[in-house]
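Next come two complexes built around chain A: one with chain B, the other with chain C.
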Partner chain A sequence: MRALAWMKRNLFNGVWNTLLTLVTAYLLYAVGRAILVWAFTEARWQVIPANFRLFMVGPFPPEAIWRVWVALAIFLALVGFTAGVVVRRRYLGTAAAVAGVLYLLAFPVLLPSSRLGLLAAAFAGGLAWLLAGSIAPRLARRLLAPVWFLGTLAAIQVLSGVPSQRWGGLLLTVIATFFAVVLAFPLGLLLALGRTSKMPVISLLSTLYIELVRGVPLVTVLFLAWIMVPLFVPEDFRVPQLVRGIAGFVLFAAAYLAEYVRGGLQGVSRGQWEAAWALGLSGFQTVVFIILPQALRAVIPALIGQVIAIFKDTSLFVIIGIMDLLSMAQVVLSNPKFLGLEREVYLFVMFVYFLGAASLSFLSRRLEAAMGLGKR
Partner chain B sequence: MEPIVKMENVNKWFGSLHVLKDINLEVAPGEVLVIIGPSGSGKSTLIRTINRLEPIQEGRIVVDGVELNEDLRNVEAIRREVGMVFQQFNLFPHMTILDNVTLAPTKVRGLSKEEAERKAMELLERVGIADQAEKYPAQLSGGQQQRAAIVRALAMEPKIMLFDEPTSALDPEMIGEVLDVMRELARSGMTMLVVTHEMGFARDVADRVIVMDEGRIIEEGPPEEIFSNPKEERTKNFLHRILHH
Partner chain C sequence: MKRLVLIVLSFLLLTAFGLAQKSRMDVVMERGKLICGVNGKAPGFGYVDEKTGKYMGFDVDFCRAVSAALFDDPDRVEYVPLTAKARFNAIQTGEVDVVFRNTTITTSRDGSVGVDFLPVNFYDGQGVMVKKELGVKSVYELEGATVCTNQGTTTEKNWTDFVRSQGWKGNKLLTFESFDKVFNAFMSGRCDAVTTDKSGLVGWKAKAPDPEALVILPETLSKEPLAGFTFQNDSRWRDALTWIVYATIQAEEFGITQKNLDEFLKSDKPAIRRFLGLEGTLGKGLGLPNDFVARVIRHVGNYGEIYDRHLGPNSPFFIPRKGSLNDLYTRGGLMYSPPFR
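Presenting the complex of A and B:
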């Protein structure tokens, strides 16, 4: 009854709205039906399981695949440890449920060894979570930064047993996003502080850089970085393609991050600076303990939006010959066996991108809610 | 006794606006000085020069035997000895009350976390908000926030406390609880410079009242004299306005 009343109020109030509702409903039905019929009768989904490895890790040599599992285990352990320190328990149920569903979905297409590898990595994550919960919160918090630093180094060390030219697929997309974000973030912070600085030269240079980068398309920055980076290192040292690609993203994303952070900085009232100074805090301490935390909190949605943008934009790697997830689609489609399966392949790739972006966006909303507590 | 704050021929401009004119002022240790005067007369600016939130262009300011100058380390050293309470509280909204209070003692004075927290809880107890320690500022009433802000300043064990209209942003029913804390502080022998329109408080607690107008100190004396028998016409007008609004 209540549903009927709601529909009457919102969908069928007046001639025009009723008409609009009917037309929309028909369109949804027609399109949805066509897609579903296609997906369940015509579509040849076998192309996905047949190339699943390619989509996930690209040309990574199968006999060295354990390196991916170890790296993933380290990464999940880091995530688990962090979750144990900062996230409240009730969100962990949601996270575990989502992970479980994905695992079940992927189960049929995974090799037995991969099923084990994934489980082992998840196990490492769970262990780290328990560990974080069992040591003193203050100590755990203090350990976060060094643990991430060492863990990341270790993971990269393990993966480096295979040259980066042979990394690909989702693995490469995730690695590129991770490093682009981690490196762009401090650069963006510095640029934001530089632009708001009272020293004219620093402020001018930062402003110039930010406006320049924001004024050109990402593709051009990517190409430029790709061409320029080798000029800055000794001639006989070959910079891996991946590093050149990531450099472009860092240079580009830093300019945008800087502007978000600057917005946040301007939102912090003058009274906060004065209260900190009046207590005897130095300028540096004031920025680190009082101003930046508030500025960053205010712009978390924008910052995570930028992370999502980087994640999706790594698909531009296609044009500089790095084998990310999207270029794997092209590789698969160029195989004569899978001719004409564009719809299946691109829909699948879209789905993977969507999953990644949606979970980041979910994370963003949770973070906002968790931090909203400290807001005025 | 040596004055703990000494201002000699202090002049300050904001651009071309002359906001402090030939200020000469000495404050004795333990003295409670109340500063009154019409809006825009320079009261806030005056007390903000003492911890150098506002730099001056002419004159000398000596705080606790140290002359204020450009040197940042000198300024930070003075600020450690001078606490300040603002009209808008200016608590740090992203930290709990306890973290607000322990931040400066741990980061600036180098106290251990445990020691700082023990002292913070003592002070919070003293002003009656120990039960609010784990809350965030936004979860407290205005009166509680201002008491927390006073504790935050006191936790640095300052020798001088500056108050800039500490009760002006409060609902009337909360003014009393903050003034009580300030009364108690005055009794404990703290040197205080207080900008306020609370004439009852000034009458009870002040050792001396100074009246400012257009950047000058136009009159000063014990509260009973200033309130019942002002010499300056401008003081009379000002008192008339705030007592009969």
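Presenting the complex of A and C:
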């Protein structure tokens, strides 16, 4: 009854609203029906399980797939460790992690060996979680940065057993996003500080760089990185395509991040600087301990937005021939066995991108809530 | 000051020449593997196998042939997928050793772009496809017809040129951004004919619900000779690649296949013995191992075998070869290798 009342109040109050509701409902029905009928009768979804490996890891050699699992285990261990340090409500986190693993295991197209690998990786994550909980919080916090640094190095070392030309699919998209973000962040921070600096040369150079890069399309920057980087290194030393692609992203994303951070910096009132100086803090200490924490906290939504943008923009790798997730879609479609299945493949790729972007923005909302944004 | 600049410049030039003197051949042999630019997204010509993650296809097999000739192992290749835009840069910057990526030989590419082409390994050309029910047997009967193709390609220009040269009036051209839209428009009856490269037409015909209802007209509107290419001014490397491609064609002419190679190795015909490197110094003269031809045939096969593997009647992407330009010259095609002697 309440539903009826709600509908009457919100959907059918007046002639025009009723008409609008009916037309919209019909359109939704027509489109939805067409899509559902296609998805359940005509669509040939076999192309997805048959090529699942390609979508996930691209041309990665199957006999070396254990490297991906080891790298994933390291990564999940890092995430678990971080979660153990950051998240206080342990039972909630545990429930979420278990649900996530069960969900992934239920994925119907996985090979038994893949399930095993996934389970092992999840186990590593859980162990790290427990470990982080069992050591003193202060120590754990201190350990975070070196652990991430060493862990990332180890993961890349393991993966490098296979040349990066054979990485691909979602694996490559995630790696590229990760490194683009991690490397662009410090550069963007420096550029923001440089632009707000009182030293004219530094300020001018930073401004010049930021405006130059922001005035150029990402595609151009990628092409430039692809063509120009080899000119700066000796001929015998070949820079892998992936590194050049990531370099392009870092150069591009840093300029945008810098502008977001600058927005945050300008939002910190002058009184904070003066108070810090009055306490006798040095310029460096003021920036690192007083100004940046406030500035960054204010712009978290924009920063995460940029991370999501990078994640999606890695699909531009298509044009410089790096085998990212979208490239793999095109590769699959050119296999003579799967000609003409564009709809199925692109819908699947869209779904994967959506999952990635949605989980990132979910994380961002949690982060904002945790830091009390909008409340304090 | 001027003198100093001159000295520095000449020094730089000299070092540049010094570097240029080193042939790619030596670089590849020292490295122990070939870096080959390919297309990862061309049905039949280059794609990734869904089980092994390995590159497959007609063009890819030529990379494997080069690797087999140099290292007696077809798999010492690192494949670099290249886009149409990036393929020439990849050669100019030395990123790859050679590119086999369905590339048409044109004057401007050979000249101002600055690459050197290898022998043609596939003759393509623009064709026209109609529905059988239209009853058209030749391109010249298409006056007043509506034709669909994709935007901004040379095919679009070729077709308008063709219509103009025939002096036809009332022909319409519909263009779409991608060929699947072109094909849908064609199948739904919005155009009488579609036009694109013949190898592409064959693929789309195979995808159609009823391939028998479609006809590819016999005429070819443009020349698209596809070939591999490599650096300019590196004769040693280019010669080696050229003769590796020729070897596959000559092997087919001699009738040497992967299967019967061992019998031919026992042959006492001088031409065969020279060709397979049992006597003479043909390979050595090119800076290749003397038995490079035998290696290519053993690991990859002759031209006909490569063709049939990826484009033959048993492949999903069937492009008829009999009597086409891609047949041997002895059977009316254009595949012709200069003599190995």
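Definition applied: the second predicted complex is superposed on the first by the 354 of 376 C-alpha atoms of A that agree within 3 Å, B and C clash if a C-alpha of one lies under 4 Å from a C-alpha of the other, contacts with A are read in each partner's own complex, and residues count from 1 in each chain.
Keep this in mind: a contact is a pair of C-beta atoms (placed from the backbone, for glycine too) under 8 Å apart; a residue touches a chain by one contact, two chains touch by 3 or more.
This is a predicted model, so every value here is computed, not measured.
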item: Clash-or-fit label for the pair chain B, chain C on chain A; value: fit
item: Partner chain(s) touched by A:Gly280 [first = chain B, second = chain C, both, neither]; value: first
item: Which partner reaches more residues of chain A (counting touched residues only), chain B or chain C; value: C
item: Partner chain in contact with A:Lys198 - chain B first, chain C second, else both or neither; value: neither
item: First (chain B), second (chain C), both or neither touched by A:Arg166; value: second
item: Partner chain(s) touched by A:Val332 [first = chain B, second = chain C, both, neither]; value: second
item: Which of chain B and chain C A:Leu231 touches, first, second, both or neither; value: second
item: Chain B versus chain C as contact partner of A:Gly271, first or second or both or neither; value: first
item: Partner chain(s) touched by A:Ile320 [first = chain B, second = chain C, both, neither]; value: second
item: Which superposed partner A:Arg2 touches (first chain B, second chain C, both, neither); value: neither
item: Minimal inter-chain CA distance - chain C and chain B, angstrom; value: 44
item: Contact footprint of chain A on chain B as seen in their complex; value: 51, 53, 72, 76-77, 79-80, 82-84, 86, 88, 90-95, 103-104, 107-108, 136-138, 149, 152-153, 156
item: Touch list for chain A against partner chain B, complex; value: 269, 271-272, 274-283, 285, 289-290, 293-294, 297, 371, 373-376
item: Contact footprint of chain A on chain C as seen in their complex; value: 19, 27, 40-44, 46-55, 78-83, 85-86, 89, 93-95, 180, 203, 206-207, 315-317
item: Contact footprint of chain C on chain A as seen in their complex; value: 50-51, 53-54, 57-62, 163, 165-166, 223, 226-227, 230-231, 235-236, 238, 241, 318-323, 327-328, 330-340, 342
